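In the two assemblies presented below, chain A is common to both, partnered first by chain B and then by chain C.
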Partner chain A sequence: MNAIQLHYEVDGTDFTRAGEASAAVKKALRQLGVRPDIIRKVAIALYEGEINMVIHAEGGYIDVSIDQSSIQMALCDHGKGIENIDLAMKEGYSTAPDEVRSLGFGAGMGLPNMKKNTDEMHIESTVGVGTNVYMTVYL
Partner chain B sequence: MNSFFHSVTLDPQKCKGCINCIKRCPTEAIRVRNGKATILAERCIDCGECIRVCPHHAKKAVCDTLSVLNDYEYTIALPAPSLYAQFNHLEDVEIVLNALLMLGFDDVFEVSKAAELVSDATRKYMARPGLLKPVISSACPAVTRLIRVRFPSLIDHVLPFNAPVEVAARLARKQAVKKTGLPPEKIGTIFISPCPAKVTASKMPLGTQKSAVSAVVSISEVYPQLLHHMNADTVGTISAQSGKIGVSWASSSGESAALLNDNYLAADGIENVIRVLEDLEDEKFENLDFIELNACNAGCIGGVLTVENPYIARTKLKRLRKYLPVSLNHDPVESPVLDWDAPLEYTPVLKLDDNFSVAMEKMSRMEQIEERLPGLDCGSCGAPSCHALAEDVVRGIASEDECIYKFRENFSALVDNIHKLDSMIPQSLLNRKEERHDTD
Partner chain C sequence: MTPIELAKQCNFSVINEGEGNDRQIDGIYCCDLLSVVMGRAKANDLWITVMGNLNTVAVAVLSDVSCILLAEGITMDDTGIQKAKQQDVCVLATEQPVFEAAMCAAKVLSL
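Let's turn to the complex of A and B:
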């Protein structure tokens, strides 16, 4: 059986639109009858990812693939890239600019939260080129 | 009884089959089929949006009428605090309570009194260690129903207490049994309600096996009759039983303010409620203790069964509240009166199929269908959006041909084919055709 493929563009200029991909994926997962606790984990991970793409990368796109055994998410952007991935994964570490922090974002919990809510997470990043975050949640 | 009773129903005589309601329904529960709106019972949350928006008044809330007073030996009115906000220049709640007695009720038990008891219990509940926060209010039955079908991961956040009206009905009946010596079933507890979801909640309760509310009469029915009996001179036969805290439950943020904790969020209007629940599911909020959600704009005073504009009602409520004591009720409520005895359970009505593989297959087909549709979300097919039509097709309750644009496309292809056929007629036959015309 083919996997379900979902694709979303993330607008990097509009904070209020972050969460759209998360909402659409939630709807699809509900229709598929996926367990509520799994839907919640995916929702949190995706929303954090969307916010990251808006704050750090001026947007990008998200591909979600759902098959019998897992939900796979790829979040790709052409932003400035992450210099030190290990550091970025530390709770409380953030490079978010002040104006973003004043909106209540940039607490340094984004990537750690994404890791916490997924079964697998893998980051590929090149400074000046962009970042790809791959996450998997097993069904 | 049908497993899905709904107060919100359709009058097919008045329905013109327009698309106003299908576009407004927050759970996409309405379709126009054969020229009339139909409600998908398992999805309806009784929010009343369709009643509000229907220009032909074809959507209505089924309630009891005041004639239920004849069905019981002893009747107790349970006025919602939103009732008090309907009147001009009301200075004393007791005028309303007294008018209810004049109308034929034997006694009155204010829902706002029970609200104060629920507030008190909620404050204690909020102090429990290890509590999952934020706690979401369960007082609005439309919101509770919405969470049950659409936000299952938030069910554990919902306050497991009966709504004030349920608590009021239980306490009132108990008191009346003691006072009159009548058996409980001869005592009618009759809610004067701003909202159809409360009618549904009394017949098909969530959180409790059986509601203690005997009947639900709308504020809009009682209001004009009460006006005849509103007389300041007769005050004194019955005294008000609640203060600011209880009465404030009628408008949005009233329930939250009663918790004496500023860490709350209060949202009203079903679209706003959905947005808050989506964000909560994504963990967008931090350090929030309590969330109060009301499906109607401005809260219960915005209910479809009220008569006054909700914002005017809110101002009236503010004036009325000014000289009330803070609260009159602090007695702990016994657990059987307050606590849910039937847990809220996820009802996956949006699921495409029980079998995951079949659901996957249906979703793939849905995507293919949606790609073929024009994406205008015009509603002409009777479904609220192209996405919803695609879903209906895979669910087997609609056909792709119901799309008017698809129909045009097919028709135009047909016309093209006719032209093509025309050009394939051999010259000899065309000549004969012309000859026939000449001789005519």
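Let's turn to the complex of A and C:
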């Protein structure tokens, strides 16, 4: 099949809408007959990414490309960037504010969960400019 | 055993039935931090938490748990209930603390 391209804008001001992109991708993958365990991994990785965009970056956009062999995701924002990516990748490390923690996020598991649920993950970030996260899950 | 059957046995109230008569419970998972739940809860778990908002429902759907059980008398806010109805997520509730609720469920489920 030809590659399927999906594009989503993530509204950085509305916590209640975070998850819309991952839910839409989940639905699309289900319609394509992708294995449920792969759908779960992709949906979790994208949801964590969306939550990060809302918490840290006031939104951004997500591009998803699906072909016969893989699902490729690019999450791009113009937020404040990540100072120390190695530290951000450590489970339990978080810079999320208290109000986010009171909603059940900010456990410092977001980026580690994204890595755990994808086959490849690469982060490009510049402080004050923004962050791009590239993830691939093989089919 | 289905979530609705479990609710009857442990005297949990049903906030939203959703797929509560169609799903089976295979295990129990207790945690309130949503990212931890997404990383570690298994599909078909009964998820016990005190976090009752919209994001709880989103995480339940992503993690594919059988149902949410709100412990300690916690209620779910209106937007959360609306989302649970839309997504057919079963939501139960109890006045019991997390540990006691999990104990009852474990006993009834023979875990």
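Here is the rule we go by: the second predicted complex is superposed on the first by the 138 of 139 C-alpha atoms of A that agree within 3 Å, B and C clash if a C-alpha of one lies under 4 Å from a C-alpha of the other, contacts with A are read in each partner's own complex, and residues count from 1 in each chain.
The working rule: contacts are C-beta pairs under 8 Å (C-beta built on N, C-alpha and C of every residue); 3 or more make two chains touch, one makes a residue touch a chain.
If you're wondering where the values come from, they're calculated on a predicted model, not measured in any experiment.
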Simultaneous placement of chain C and chain B on chain A, clash or fit: clash
Contacts for A:105 in the overlay, against chain B (first) and chain C (second): which applies, first, second, both or neither? second
Where does A:128 make contact in the superposed view: on chain B (first), on chain C (second), on both, or on neither? neither
Quick check on the superposed pair: does A:43 touch chain B, chain C, both, or neither? Answer first, second, both or neither. both
For A:33, using the defined touch cut-off, is the partner it touches chain B, chain C, both, or neither? Pick first, second, both or neither. first
Which of the two partners, first being chain B and second being chain C, lies in contact with A:2: first, second, both, or neither? first
Using the touch definition from the top, say if A:22 reaches chain B (first), chain C (second), both or neither. both
Between chain B (first) and chain C (second), which does A:116 come into contact with in this model arrangement: first, second, both, or neither? second
Of the two partner chains, chain B (first) and chain C (second), which one does A:66 touch, if any: first, second, both, or neither? first
After fitting the two complexes on their shared chain A, where does chain B collide with chain C, if the options are 219-227, 273-281, 309-317 or 327-335? 273-281
Overlap of chain B and chain C contacts on chain A, residues 19, 22-23, 26, 36, 40, 43-44, 47, 104, 113
Provide the residue numbers of chain A that touch chain C in the complex, in ascending order. 15-16, 18-19, 22-23, 26, 36, 40, 43-44, 47-48, 51, 103-105, 107-110, 112-113, 116
Looking at the complex, which residues from chain B come into contact with chain A? 150, 152-153, 155, 278-279, 281-284, 286, 346, 348, 350-354, 356-357, 359-361, 363-364, 367, 391
Quick check on the complex: what are the chain A residues that touch chain B? 1-2, 4, 19, 22-23, 26-28, 30-33, 36-37, 39-40, 43-44, 46-47, 66-68, 104, 113, 139
Per the touch rule above, chain C residues touching chain A in the complex are 32-36, 38-39, 43, 51, 53-56, 58-59, 61-64, 79
